Structure formats: C-alpha cells, structure tokens
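Following: one structure in structure tokens, then a few remarks.
Residue numbering begins at 1 within each chain, and the chains themselves are lettered A, B, C and D in the order written.
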Amino acid sequence: MAIQVAVIGAAGYAGEELLRILTRHHQADVAIITSRKYAGQPVSTVFPRFTGSDLKFSAPDVNQIAKTCDIVFLALPHGLAAEYAIPLLKSGLKVIDISADFRLKSPEKYKEYYQEDHPAVELLSEAVYGMPERYREQIKSAKLIACPGCYPTSSILPTAPLLEAGLVSPDGIVVSSMSGVSGTGRKVELPYIFSECNESLRAYGTVAHRHLPEIEQEMALAAGLDREIAINFLPHLVPVNRGINSTILLDANEGCTLGKIAEAYEKAYANEQFVRVLGAKKFSDTKYVTMTNCCEIGYNIDPHTNKVILTSAIDNLTKGASGQAVQCMNIIFGFEESEGLI
Amino acid sequence: MAIQVAVIGAAGYAGEELLRILTRHHQADVAIITSRKYAGQPVSTVFPRFTGSDLKFSAPDVNQIAKTCDIVFLALPHGLAAEYAIPLLKSGLKVIDISADFRLKSPEKYKEYYQEDHPAVELLSEAVYGMPERYREQIKSAKLIACPGCYPTSSILPTAPLLEAGLVSPDGIVVSSMSGVSGTGRKVELPYIFSECNESLRAYGTVAHRHLPEIEQEMALAAGLDREIAINFLPHLVPVNRGINSTILLDANEGCTLGKIAEAYEKAYANEQFVRVLGAKKFSDTKYVTMTNCCEIGYNIDPHTNKVILTSAIDNLTKGASGQAVQCMNIIFGFEESEGLI
Amino acid sequence: MAIQVAVIGAAGYAGEELLRILTRHHQADVAIITSRKYAGQPVSTVFPRFTGSDLKFSAPDVNQIAKTCDIVFLALPHGLAAEYAIPLLKSGLKVIDISADFRLKSPEKYKEYYQEDHPAVELLSEAVYGMPERYREQIKSAKLIACPGCYPTSSILPTAPLLEAGLVSPDGIVVSSMSGVSGTGRKVELPYIFSECNESLRAYGTVAHRHLPEIEQEMALAAGLDREIAINFLPHLVPVNRGINSTILLDANEGCTLGKIAEAYEKAYANEQFVRVLGAKKFSDTKYVTMTNCCEIGYNIDPHTNKVILTSAIDNLTKGASGQAVQCMNIIFGFEESEGLI
Amino acid sequence: MAIQVAVIGAAGYAGEELLRILTRHHQADVAIITSRKYAGQPVSTVFPRFTGSDLKFSAPDVNQIAKTCDIVFLALPHGLAAEYAIPLLKSGLKVIDISADFRLKSPEKYKEYYQEDHPAVELLSEAVYGMPERYREQIKSAKLIACPGCYPTSSILPTAPLLEAGLVSPDGIVVSSMSGVSGTGRKVELPYIFSECNESLRAYGTVAHRHLPEIEQEMALAAGLDREIAINFLPHLVPVNRGINSTILLDANEGCTLGKIAEAYEKAYANEQFVRVLGAKKFSDTKYVTMTNCCEIGYNIDPHTNKVILTSAIDNLTKGASGQAVQCMNIIFGFEESEGLI
C-alpha cells in the first residue's frame, strides 16, 4: 500500500515540482497539499498542468496531517518550518524540509546569515543533511531531513570527493554559479518579470549569500577539517527557466592529476545513478540535466595556474530541491531510490 | 566632407554591427564592403535590415580600396589580417583590425595560443591597442589599431584602474565571464544552433582560451609589472544574443576600501562617456548596455575573504568590437568621440 | 534652439524608450519627466542606462510644464490622458498621447471596449491619428496626436494600401499577431514573471481586445467604407522582449496579383524611410526591426484559398509607440523626420 | 518479458525523445539504435544525457533488426521510410513511422507536396494514422503506423470533435500556429543558429506547407466529407525549444454554443488521459505541456464575427512525435497506454 504524503506550502515552484514527481510515484499518494492563499481551490487553479486532478489546496492543519499522513514535505520560506516540524515529528511523521531551516549545524551561522534566531535549535543535531550521495546511511533512519540548497548541491557534489581524497586545498575555493530564474521562486517582483530578466546577465549576492555558510560547512566536513573555511561564492542570474551551472576553482595539491581525480570520482560515484561524471576536459551543460534528478560533472587542471577546474550542472528544482527530497523519501521508506525520478 | 570607409569581411556579426553604426555616422561613408562568399550581392541579401541600401558586397581588392578609401576595418578571422594590413598601411590608409592578430605584443604568445607563426611580426610594435580609455593619446596618431577582444574589454576596463592604484594584487586574479551567443560569430555549427544553446548554461575554454594572454598582458601593464602574470579566465556561453558580464575576483591590498576604489575609478573614468561606474555594492547588467558602446562597472569588497569583487557589462559586438573600433576611428580623425555611437 | 519636452508618466517602458530616443535627438531637450511613484529620484534609479544624467522624476505639475515646455508626451495608462491634455492644449502646447485615449473616433466604441465613458469627448474630433505614412498632412498642423497602438500599427501599415487599391476585401480579415512581453508594459504581475513567460506560447484576448476597434476603424477608412467592418484579431504572447509580428489573411479581389500588390506598396511607401517592403514571398522578421522605427512587410497570395497573406514586423516600443511619437513630433516641428530615430 | 525495440535514425531530436521515453518504459527494451553518421559510437557521444548507457549507434541492418526486434520506429527524413518498412513488415515486425511518408492517403497529394513519387503506394491503404484519440481501434491491429505530424496533431485534436458534431463549418478554417525551434530538427543551417532565432518572430511556409494536406485530409474526414477542403495554415517560428501553440478560427454553425462545444469535447475526450480540455474562455499554454504527452485545449466564441476560436498546445517532440508513437506502441502491445509517458 502506498504511503500518504502531505506537502505544506505547495503553491510555489518547489511544490509544483514535488507534485509532478509524486504524481508518477507508484508507492506514494499525495493526500494533502496546503496553501493559505489558495485554500479551497483545486490544484489546477494554480498549476493548470494538473487539470483533472481532484487535489485541492487546504489551509495547513497539523492534526489532520498527523492523522492522515506518513511523511510531510515542507516547502515554505525559511523561518517557518519549525512550527510544523516540531508537532509532526512528535506525531511520528517523517519530515523533509526543503527550506533552509535545518541545513546549518550552527545556530550562530543561521543568525548571521538569516538575521533571526534559529526557531528550533534543539532539532539541529537531529536533522540529517539530505544529500544521499554523502549521507545515505544517516538518511535511512532520519526523522528530519534538511534538504540541501540548490547552489550547495551543485557545488558540494563535484567538490567533496576531491577534498576527501586530499587532491585539492580547502582554502581559497571559488564557486562561480549561474542559475535559472525559477531559483528565485514564484516571486512577483520587478527584477523577475520577463522583460527585466530576458537578455540580461547579472551577478547578485556575491557577498554573504545565504547558501554560502552551507557550502562552507559541507566542504570543510568533506576535507575533514574542524575549522572554518572561507569561500567566494559568485551567483549569477541568467535567462533560463531551470538549471544551475557551477564552475569551481580549487588549488591543486601536489600529486593531483586528471587520473587521480577520475579515481576519486569513481570511488565516490561509481554506483550513484544520479551523478554523471563526464570525464576530463568535458564541460557540464544544464540542458542535459533539466527535468531530471542528475548532477553532471566535468573536470580539468589548468597547469598555468595549478588550479583544478570543475563544472557541474543540476536542475535547481529537481536535484536542487524536490527531486532530491523524494530521493531521500525513497531511502527512508526502502523504495527503489529512483522511484518517481526517472 | 565625409571620410571613405572600407569594411573587409563584412558579412559576419561584427561587420553587420559596423554597418549599423556607420550608417548613422555623419562624417563617414561606407564605400566598400567585401565578402568573397557574397561578392556581387546586395548587402540586404545577408542583412535584411539594410534593405534599400545600394551597398553591394565585392571581392576584396586592395588596390581599389587604397584608391578609394581613407580607412579600412578588418573583420576577418584571425590570421588573415596581415595580408590586407601590410599593403593598405603602405598606401597610407589607417587600418583598424577587429581580429586578434595585432593584440599580443609577443609573437611567442601568439604562436602558443594560435598555433601558428605570427604573419607580420614587424607590425606588432606599431600596432596600438584600441582601448580609448587607456590608450587615447597613442590612438590619435596610430596607423594600425588592434581592437581589443570582447572578453578583454569587459575585464580590463574594470580592473586596470585598481591595479594602477595598487589597490589589488595582480596575482591570483579570477575572471568569470558569461557571453551571449553572437560572441561565437555567425558560425553555422551544431553547438550554436538554437535548440542546443537555448535553456543551456555551460562553461567552455576554461584553460588556454585565446583571450587569456591578452587579458594577462594588459593587466600586467596596468600593474606596472615587467613580468608575466597568470590569470584564471572562465568563460561561459549563455542564451542571450548580445552582452558579456564579467565577475572579477582580486586580492585586496592593504588599505583597499570602497572609498579608495571609488577614487580610482573617478580618476580613471570621470570624463569617459562610455564607462558608467555604478558605485559600491551595485551589479552590472548587460541589458543596460546592449546596443550601446558603454561599459557598466559595479564593485564590492568581501571582508570574509578579503577579495575585491568587480562586475562589468558590455555589448560584445559594440564596445567589445565594432563600437570600440568606430570610437578609435573617431579619435584618429578628430571627430566627436561619440559620433555614430549614441 | 532646441524645443523643450516633457514626458508625463515616464517610468514605464514607453517612457524609457522615449528617453532613449530623445537623448540622441539634436533639436529636442528633455526638460521634465514625471512619475508620482518615483518623484524626487534620479532617472537612473529606475533606468540604470541613464546613470550620469541629471534628470529627476517629479510629480506632474501642469503649470510648470506649460511654462517650460513646447510639447508633452503622455505615457499614461488609458483614461488618464485627458486630465493633462485639456489644460496643456489650452496653454498652447502640442500634446502627443501614447495611450489609447484619443485613437477611437467613436465615444461609444470607447465605452464598449474600455468600460468607461470617454473623459473628453470634445477632443476626439481634434485628435489626429499619429501614423505619418497615412496622416502626414494632418499631423503637420495637429495640436493633439493620438499615437497608434502597437498591434494596430503592425496591421494597418501592411493592409491599408491594398484596401485602398481595392485589391482585397475589407470583410473577413484575420490578423494573427505575436508580441514580445514588453508589450504588456512594466507590469509586476504573476503571468509576466520570467518563469511564466519563458518557454511559453499562448494566445490571449482573442475576443474583444482593446486594439480591435482601432484596427477596424482604420481599415474601414482605408477601404473607403462608411460602415463598420468586423475583424478577427488573434494576439499571442511569446518570449521575446520587443517586437510584434503580424500575419494577416485577406480575401483577394478579382485581379489581385503579386504585381498589383507591389504597385500598391510602391505607390504608398516608395518615399517612406520607415517602411521596408521586402517583396513577394518574403517574410518579415522582428529581429531586423527591433530597436528601430521600421516596419517590415512581406506578402504572398495563396492560390489554393485565394487569400492574400501579409506579414509585418515592428518594434512595439519604437514604431509601435515612442518612435512613432517622436516621428510625429519631428513632423509637427518641421525637423528631419528621422531625427533621433536612426 | 519486455519487447525489443529498434530505432532507425536515432540521432535526431525525435530519436532522442524516443530514447528518453523508452528508457523509463518498463515493458520495452531498446535493443538497436541506428545512425549511419555515428555508427560505432556510444549514444552518449551524441546525447550526453545518456552517459552511462551501453547503447551504441550502428549502421541500419534490416536482417539484424528483423531477427532481434518486435517493433521498429523510423525517425528518418521523409522519403526514406519505405526502404525499411517493406522488408520489416514482411518479417512480421510492427513498424511505427514518425516521418511523413504514410500519413497521406493520396499518392497524388504526396507528390504535389513532396515533389516525388510516393515510394510505396501499396502500403498507403494499410497504414493507420497514429492518433489514438481518433483511431484507437484501428491502431490495435495495425502493422504500420503513420505517426501524425506535430502541427496536424495540434490542430486536428481540438477541431475534429466540433466538425464531427457539426458545430462548425469545414470550410474557411484558419490555423495559425507557433512552433519552437526543435520542430525544424537538429538542422545545422544558418536560419536556425541561436542568434538568428532568439529575439526573432517570423512566419514561414504560409503557402503549401507540407503539413497542410494532412490537416485537410483529417479535418475533411472528421467532417464526414468526401470532398476536399482548403485550409489556411500559418506556421510561425518562435524562440522556444519545444512546444506548438495553435489558434484555430472556424465559422460557427447555427446552434453552436459554448455549452455544445463542451459537450462535444466531453463526448470525445472524457476518457482520454492525454487531452486536457481547459474549458470556455481559457487559453492553452505550451509551458504546461512540454515534456509531456498532453494536448491542452481552450475554446471561445467571438459573437462579433460568429467564429469559434480554439487554442491548443502540445510538445512537438512528445505528443507531436515520439510520445504519440510510444502511445501507439502501447496500444498495439496491450500495455497501459500511459506506460513510459508520465
């Protein structure tokens, strides 16, 4: 019998992508979708692609969800997840949070980057970072999953194996990323209307972007450090709907060769169906990963500066959000890890 | 009376942009446009926007050009400029080369990056790098102008004043750029067809790109060094027609502040009508510079890594090619520098 | 000495385009730009491309404008033009209205399509429809210009000469148009954010679109009818910034041939510098007219249905709005008609 | 056990889409993919999204396919299908042709529109038009399926039920369509490079397009006529990757109301999972159907011209080609009709 799923905050793009994926999932039924704004309206009012579905948005009702469901996805703006996570975890549901609320282990970092006290410090140690390629074992028994951010997913997956293998330095890392506009969510603001984004190339948030401490935390962990590292993360907004491409520059350690890099990836990802290592001197391209849960990785060494140059591509809404969230759900419930995702 | 202009290799995008600009220039007449492929055909066959014009493509005829014209623009693939430049310079014409052939002062670097011996080493010392904001005096009396590349224009303009002022280190510079597809020219190749470029984000040429030695040459000069520097230049292809945005990361020297940066730009560009310094914590955006000859510059300091972060935007075909070329022509002939360009 | 210009409602896309054009106009100075929302702020706050300009938005002050200016452009939402037009006309200024308020000669039609009583019926007979290719003589002495809508411009210019020549029937006309998103203005609404428009093709307003009665009025006039005609106008929204392409289907009258069509266009447009007739079996393409004041026209006859098929392309913001408005201004003041427009 | 599938001509976009769909199909294995150009190379050389797959392109070998496979998809340019279809049908394989070769029942029409004699007239009567919503019963027992063209799919599905119900006239129909650039295939030609298509809107082929007789044939059949009808089909090329939107104008017959239209669709499509009737006064949007096998339909009546206006949206590569082809395969083999398609 299928598990019963609730999606809280289902009216944004991450919610739409979750519904798209769960609709084709054979072992999960979407029982409840919530949106205060659209409560009472059929899902097709917001997402015409689901015309014909009986699903309706309702106002979030924790008791109702606890009674009905096995798992809940939180697709809310940051700061709001705790309100739902605490009672639902108590009721025994599994909680997968797609927001940023449980990604950082340090409440101080959370406050520094989000300008608010963390709303549920006690849950931070319990939360598992929902990146299956790095934390599959912990995910299996997790109750609360903190789904990685889109930029962090695109930069940690290619970088971590090389840091673990000691092939590159954890210091002086530069991550230059380009993101499609759906990464800003379904925000109705002037900078995101079509005529302002189309034929426009621009950087933004190059200092203190909220995904930065998450990237630094996971890269330091991959390098086995118990000190902080400082990274330059340079996000750019470009006129595509979906997709993130990251180009990552790292200092090569002595002995780092293309062959060693290939080995490190082989060791890390040989059995991963959602990581596609393209090989040396190849470049990732978002067009091959959008609408999939895959991360594509290319690599090279620049002998003239002794830098390792990585490129990676993901779909920000799939592997960078809802797809990875479902991948975690599949692991937790012992389903095929790719169920609903291919 | 208007000067007479020839454009050799006029059937590409740089040629089209030259014609667009020269058509509105009040002191220059386009007398001859050449294209072996389209010889005999009216300009409107290739560029319907010029329907109604009497201009026809002809096969290039150096004698005819020498007799008729005052100045010639070379808009050819690299390696071919010398064949025309040598006789035309001898005939007393001014030559503005939009290709890469005379940008590098070192024939060894040319060979390293272009895999061919330089076709006219004797002209290298004579050629003036056609970036008015940095070489206006030399341009005034130049006979041969080497028009800067598009990526170099977008990275040298924001960086040079800070290097000159000693505010940033010339070592360890990273330039991460995004370019519209017209930057590849009017090439009919699979990677550049619409369905392969649209909704695609990808890096390319991150090692040994041909614009790299030009950037390194000019940044070293700006820093007053007589040694080489090594830069990481990371170009990306993104789905817009026109525009380059560069994000540049530099180590801040001691004493570098936002105020000092503002001063350095004020000193360099206060009187430059084609450089628009946006100010601290602002970001350049290609949509405000496409179809213009402007370069937009924003800047910031990341205290957490002690890096200066610059962003710049240009139109690759205008300030990055044909517009800058006309700006040089205007300087050479003593016209208003903005004639035809606004 | 240059004439003094005011732009009321300058903070939208038509306003930006007006400023872009007037900035390069040698005989007109922009003296006043108004915007209630941005009053007090420099023009560059809204339009970074004008960084460096001293212009500031002010709240609209009719007395001040009357004292200072020779002409005023109204770039307001429909329904608001009369409030400014009435006193400014009394003060002797020329008024060019870019909105829809004075385009329809019939106040009943205005009410039918705009659901409001016309705010200044007495001005309707005085207003001249600002399409120079058809009303140049009237424009010369006009006090109040009603600038044509973008869709009407794109459909009337290709159609009128054939109707006048009796080559096609005024009945059963179909106009199928595609417009770039800037045609919706600078509206911050969900349907116009990037992720909703990009990779989206959709019709809208196929019944009772507000541009329909304007098209019908002018086509009936061109056909010399004093009865109404009924047209099917099918607008579509497509992911480009600028440009309208219209494909127009008309019943060929007896004797209509490609040669006769060519003659009709020759007669109508041989001396028009902003109409580019491409010829038989050619198709207009917006990419050759965007950022210009041109209208491109192609034509063909389908023998299998006996229909004439016209295609036309304009830039909705230039020939479809602000460019055509400046063209009218040039005619009124006796300037070169193309001043500022090439 | 899974059926074995061959794809002949797999290196184009229809081939890529077939592979994308078949990869997730649980009852079909792709055994053979052919491409003369890429014979011997792994599928990932052409389509990096299949990196990791063992599939290789081979030169087409009819005997090998006959021995190994149960069904073959032909994704070849028109004119080439017969060469493979004849021997493979003889060997007992099912053949699904995605090209145009078997769509027209009349060899004369084929010659008129394709300028060649039909290569296998004897197969025309045997071929079943592969549109499940209209020919499901025939498809069940068909040996040779002629997969409908993309434009015909987008125009026949919305129109046929109204013609069948007698609500609209079969005469004077106008179909105005917009297509994404993938509709031109993976053609490396100047008009299809990015810079020529992006920010470009243009009509093409408005007279005698090759999809026209197919549309006319099926609409006449739906209307129950045994005479020919003449339609105006107006295709446009617009800058999106995937998707066709068609706006269709038909003369309303007496008694045609929105309610009657709703009934006709209810009757035709109530049980169709890949047709989504949006309802009265709604407009189809390609963004809700791309990467799906759905056709979206909206409708309205224009009382001012007495026309029915239909809009429809499909993905040209899915419902307009490979998705519909797999839907036919599913019907033939008795699989769930949606297998691989959601």
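Here is the rule we go by: contacts are C-beta pairs under 8 Å (C-beta built on N, C-alpha and C of every residue); 3 or more make two chains touch, one makes a residue touch a chain.
What you see is a predicted model, and the numbers here were worked out from it, not measured in a lab.
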Most remote chain, CA-based centroid, reference being chain C: A
Pair of chains joined by more contacts [C-beta pairs], A-C or B-C: A-C
Chain A and chain B, separation of their C-alpha mean positions in angstrom: 39
Chain centre separation (chain B, chain C; CA means) in Å: 36
Whole-Å gap separating chain A and chain C, where each centre is the average of the chain's CA atoms: 46
Chain D, residues touching no fewer than two other chains: 180, 196, 198-199, 239-241, 285
Footprint of chain D on chain A - complex, ascending: 23-24, 47-49, 51-52, 199, 276, 278, 285, 288-289, 291-292, 294, 296, 342
Chain C partner contacts - residues on chain A that touch it in the complex: 13, 180-182, 186-190, 192-199, 239-241
Parts of chain A lying in touch with chain B, wherever the complex brings them together: 174, 176, 178, 180, 196, 198-204, 206-208, 230-232, 234, 236, 238-245, 247, 249, 283-287, 290, 300-305, 307, 309, 311, 313
